[in-house]
Amino acid sequence: MSSTWGNKLKITVFGESHGTAIGVVVDGVPAGVELDVGAIKAQMARRAPGGDFSTPRKEADEPEILSGVMDGVTEGTPICAVIRNTNTKSSDYSALKDVMRPSHADYGYRVRYGEHNDYRGGGASSGRLTAPVVFAGAIARQLLAQKGIKVVSHILSVADVEDDRFGTEISEETIKSLSGSKFPMLNAEKTETAKKAIEDARKDGDSVGGRIECAVVGVPAGYGDPLFESIESVAASILFSVPAVKGIEFGNGFGIAQKRGSQANDEWYFDEGKNVKTRTNNNGGVLGGISTGMPIVFNVAIKPTASIFKEQNTVNLATGENVRFSLKGRHDPCIVVRALPVIEAAAALAVWQFVGE
Amino acid sequence: MSSTWGNKLKITVFGESHGTAIGVVVDGVPAGVELDVGAIKAQMARRAPGGDFSTPRKEADEPEILSGVMDGVTEGTPICAVIRNTNTKSSDYSALKDVMRPSHADYGYRVRYGEHNDYRGGGASSGRLTAPVVFAGAIARQLLAQKGIKVVSHILSVADVEDDRFGTEISEETIKSLSGSKFPMLNAEKTETAKKAIEDARKDGDSVGGRIECAVVGVPAGYGDPLFESIESVAASILFSVPAVKGIEFGNGFGIAQKRGSQANDEWYFDEGKNVKTRTNNNGGVLGGISTGMPIVFNVAIKPTASIFKEQNTVNLATGENVRFSLKGRHDPCIVVRALPVIEAAAALAVWQFVGE
Amino acid sequence: MSSTWGNKLKITVFGESHGTAIGVVVDGVPAGVELDVGAIKAQMARRAPGGDFSTPRKEADEPEILSGVMDGVTEGTPICAVIRNTNTKSSDYSALKDVMRPSHADYGYRVRYGEHNDYRGGGASSGRLTAPVVFAGAIARQLLAQKGIKVVSHILSVADVEDDRFGTEISEETIKSLSGSKFPMLNAEKTETAKKAIEDARKDGDSVGGRIECAVVGVPAGYGDPLFESIESVAASILFSVPAVKGIEFGNGFGIAQKRGSQANDEWYFDEGKNVKTRTNNNGGVLGGISTGMPIVFNVAIKPTASIFKEQNTVNLATGENVRFSLKGRHDPCIVVRALPVIEAAAALAVWQFVGE
Amino acid sequence: MSSTWGNKLKITVFGESHGTAIGVVVDGVPAGVELDVGAIKAQMARRAPGGDFSTPRKEADEPEILSGVMDGVTEGTPICAVIRNTNTKSSDYSALKDVMRPSHADYGYRVRYGEHNDYRGGGASSGRLTAPVVFAGAIARQLLAQKGIKVVSHILSVADVEDDRFGTEISEETIKSLSGSKFPMLNAEKTETAKKAIEDARKDGDSVGGRIECAVVGVPAGYGDPLFESIESVAASILFSVPAVKGIEFGNGFGIAQKRGSQANDEWYFDEGKNVKTRTNNNGGVLGGISTGMPIVFNVAIKPTASIFKEQNTVNLATGENVRFSLKGRHDPCIVVRALPVIEAAAALAVWQFVGE
């Protein structure tokens, strides 16, 4: 059982890449919120295929809202949104029923679900299932915004091209600038080399991975729970449901493991306005599972797109043979750019669990 | 609400570092299991204070089993184990009621729980709360062992001293060797430098962090769930509840993000026994949230002990002043060694969610 | 949060009576089940309006399956079904925004959700929301049938007309006969008087209540859990979500409270086939929360339809005045008949929690 | 998995009747509450054996609080209370390992858990497990009291002796009078006949059942949730975990099923203080799952004690024979009186789910 997540906002995702439709039920949205559907669609457009760095599969990803909203205002009842799959070419996949694509979910699913697993386009393991998550996350963002909390992210790396990291404090200007960019990086000079790394991979029929750094700015101290519902636990549980995410670190993360305590500790101070802050944010805004009042900062590792056009080795389960095969169809050379709104959506949903009513 | 975790085994942890007792209720253990209490205590001893690399606080961590076991055999009812806090010196902490220790949970807890937060020894945020998790995990290990599944870990790094990584396959011999070691590393030549890094920090009144690599060996393909109950999601949710864990990566993790798909993809093949395997294990035994049949491998970043003896800056909430302060008491210079059984316990609990009955 | 229920089958219901659509996501259906969509629709038809004893609102209640099924076979992924609201006359309700209908959910919802509560047709509190439950329950029935478990019910009473109760054992013939009937009663002689009681109420612009007795036949001994997931607890939690249900009793229920232990106790015996049975079934097939192997039998009290055409007293929240008002529109004089498939669906979902995989 | 219940207060119950101890972890109690331990013990004393109408087994039921409380004030962390089993005579039960007591959980448990089921005194199915529930409920009562909400109950019937029902409004005086009574009935004239019915059963080596009517007074309108977390659903889920409860009805319950809508509907009116109320409370203070502002009123059927001293028929699983047997030991002739604080505790826990923070 795995399609429902969350508590204050409980989301239930359904659908397969090449089925009739995908969608989500979002339960727990307070009544009386004027839903900004345009803003939701803008988030979904960031994720949708067809952008500069993505597959040519063009799909409007137009959500139809079936419930929970009357005259543009939420009713307090579950909001169901359905997105039809309009541009499915299942024929691309018929050859793949028994041939397991490397680094895809195919084989585990086949064992788990037997022959009736929907292998077309990865079925329920498809990255397409992140569209409903973005829909739900866009609602969470609106709820967070009402409390002055913002979610922002940037491309921290593509292949071996590294962006700068967020500083200890994150300005309104930075948030605005990144949010308005189709290829958000803090260090503008790195943009072209990062794009080139993607383009090079595409030309080679190959793919590249990268990292996304995400910040949730404006969460007051004192939110979160000890032990099993630490902010990190809750955030990681939804972030690791995003396909291709293979690692998560908060604050300085793996870097902190190389430090001494005297270097790593975030010292507290009263600022001039008598607010309690830390001079560094090596812990990423979370200590003991609970927010410190500093920005909640984490980054995730996104693996290179598993679908590449180079010939690969694999197995054919029907014949029992080791085989070589090549993929056809439409595949992004790098999904980091399209993953940005997904990671932000997951972060928004995670944080709302704690600050929400 | 945060003290209950899990599904097939549901564990509920309680207690504070300097209260009367800590403990755990483990619900869902099948009836009829001959519990190896000695093996449970051996795991707890690995975590207990008083070892070569740990605080001199000596506590037997003797669990009293109150329920769920009759004549040494499980009854199918919840097993409650209580560990009395016998060696608490709360006086060490009285000065800390209003002085927030850097990189500890103190401040967030104070805001979250108000003045009645148990500040003594970190209260419920103390690493001591991992003892009940080790107890529960030791039961999960026994259940896993009945299915031929083993959990093993080693010190992947201390400060800047790096051990080797697990290979694609992990031999019985490796498991045995690591399990029998008090300072388990794959590369024996690194042991002394790693120990020296800890000892150096101790002498300086400082601390060091490190990483732990953990493998769950013997999980067949097809376990796990898509989306929100991916193996990574479930494992991360409990691993991030372990104090000091700041990052998690599966398989090659952040390393994979720097690779191209053609380098990162794990190609499938039939081995001579017609088993489906991969030649590499960059994905750490999990694809699309579901096990591939290869070892499930992850590593976690453990931050340096926040408690150090060097003077630090912080705030005094009572006086509203920035202050300098020094810690007294008993603190490990490095908690990586004592964290090994905790990480293994969390891994065992996470995997049992999927392979358990 | 209230729209998700269950564990092995997790159902998430959405929609409002007069919104765009209602529907359900059913998560946890095993892969590889040939879904009998005709049987699902037959169950939904039993509940749909337009029958002999129901409102003239005619709605096909045609479910569109959006996910989880490929070529008629389940894939193991969540099944989402959507039912469009095609026959909504919201105008009937515009006068009711501020006038609270007696014994409806209106007032509590208004306080709970504020002015943005969807008051049209009761919104999410409408009996219409039981259609998705019947859809989900029809799937559970098919899963149960594969294990030889059947769900059957009959009208136990209408107003003061009482049917017989199920006997200690329930024959195949009885199950068949009740399942094939549009007005199922065990005592055929009572059918006409029961129908007349409904018709009399309809003529008077009034309504009548009744009871439904339901049995789940074929559940082996040993299913269920002690304490908080007793069969009764789980069944009651979903049965009390069915609008108009005001009471539940298992076995002899309230009757047992008047008895002595020597009359009430169900004595065990080995039958000729060495099966363990009880000579009576006063406990309704459940002891200590766990099935005894006897039929699981319970009955529920269904209150008279709250919507009646007689003039009533109530309040107008906008004017702050006590007012008299009359309802218009389409309302069943008795919902017991349409509630039969809903109660059976809830019972099937509850029992599958225990016997399901 | 069944030993954990609830959301805002999450309780985890453990222990067996004749094991080392029973107890409960109560998670979610806000920090800073001065716990009235005397009041908790007073509730536990109402349930404890040794009263006028109960078994002579004398046990102090003294809870030891292990965590969550510092200097008498809650810390916001889980409260664990342990009650040692001091007066167990397991020898009374050794003959019962294979002989299934009629109307006890023995047989289902034996099938469910196999031979390692703790059969001594019913193990985890024992009524003794309600002591931890009373402990947790006593905390919930204190939290409710801070919001002006009170829980009260009375013996509605014993055998065929019927008390009056609560009126539409329940006065402070009534609450006080019932709460102070060891044998609370509204109609004082019925007390002696009710006591006599119990005494008569005792003399005959038999037992009697009864009903308990419980009210939660002071819950404002607008609490509760539609669908699966209706107040009735949540309350019933915990009430049916209380051993011997076989039926639950809200308000007029089964009585309402015999009425016409015009008789059953609760008409709204503004009282002189402009509060919205109903003139009757046939729906027991809940409509559409949500509180109406009227007292939440329900009653439960308690079956006669299954343990009687009359000889009964049953099976011996070891010999495969039908046998006759007689019980020894200490058994209440009627558990209605001791069940009063348990039902109140369950009601308090259920209502706190909705009104709690």
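Residue numbering begins at 1 within each chain, and the chains themselves are lettered A, B, C and D in the order written.
Here is the rule we go by: contacts are C-beta pairs under 8 Å (C-beta built on N, C-alpha and C of every residue); 3 or more make two chains touch, one makes a residue touch a chain.
Bear in mind that the values here come from a model prediction, so they are computed numbers and not experimental data.
**Student:** Find out how few touching-chain steps suffice to connect chain B with chain C.
**Tutor:** 2
**Student:** Using only Cα atoms to place each chain's centre, name the chain farthest from chain B.
**Tutor:** Centroid comparison gives C as the farthest chain from chain B.
**Student:** When the C-alpha atoms of chain A and chain D are each averaged to a single point, how far apart are the two points in Å?
**Tutor:** So the centroids are 46 Å from each other.
**Student:** Cα centroid separation between chain A and chain C, in whole Å?
**Tutor:** About 40 Å, centre to centre.
**Student:** Taking the mean of the CA coordinates per chain, how far is chain A from chain B in Å?
**Tutor:** 26
**Student:** Multi-chain contacts in chain A: which residues touch at least two other chains?
**Tutor:** Residues 1-4, 13, 77, 112, 124, 226 of chain A each touch two or more of the other chains.
**Student:** Give every touching pair of chains, nothing left out.
**Tutor:** Listed in label order, the chain pairs in contact are A-B, A-C, B-D, C-D.
**Student:** Where on chain B is chain D touching in the complex?
**Tutor:** 1-4, 7-8, 10, 12-16, 19-23, 25, 27-28, 31-32, 64-68, 70, 73-80, 82, 112-118, 123-124
**Student:** Would you pull the chain A residues touching chain B in the complex into a rising list?
**Tutor:** For this pair, the touching residues of chain A are 1-5, 13, 100, 102-112, 122, 124-125, 129, 157, 159-160, 201, 204, 206-211, 220-230, 232-234, 236-241, 243, 245-254, 256-270, 274, 276, 278-279, 282-284, 286-293, 301-308, 310, 312-315, 317, 320-322.
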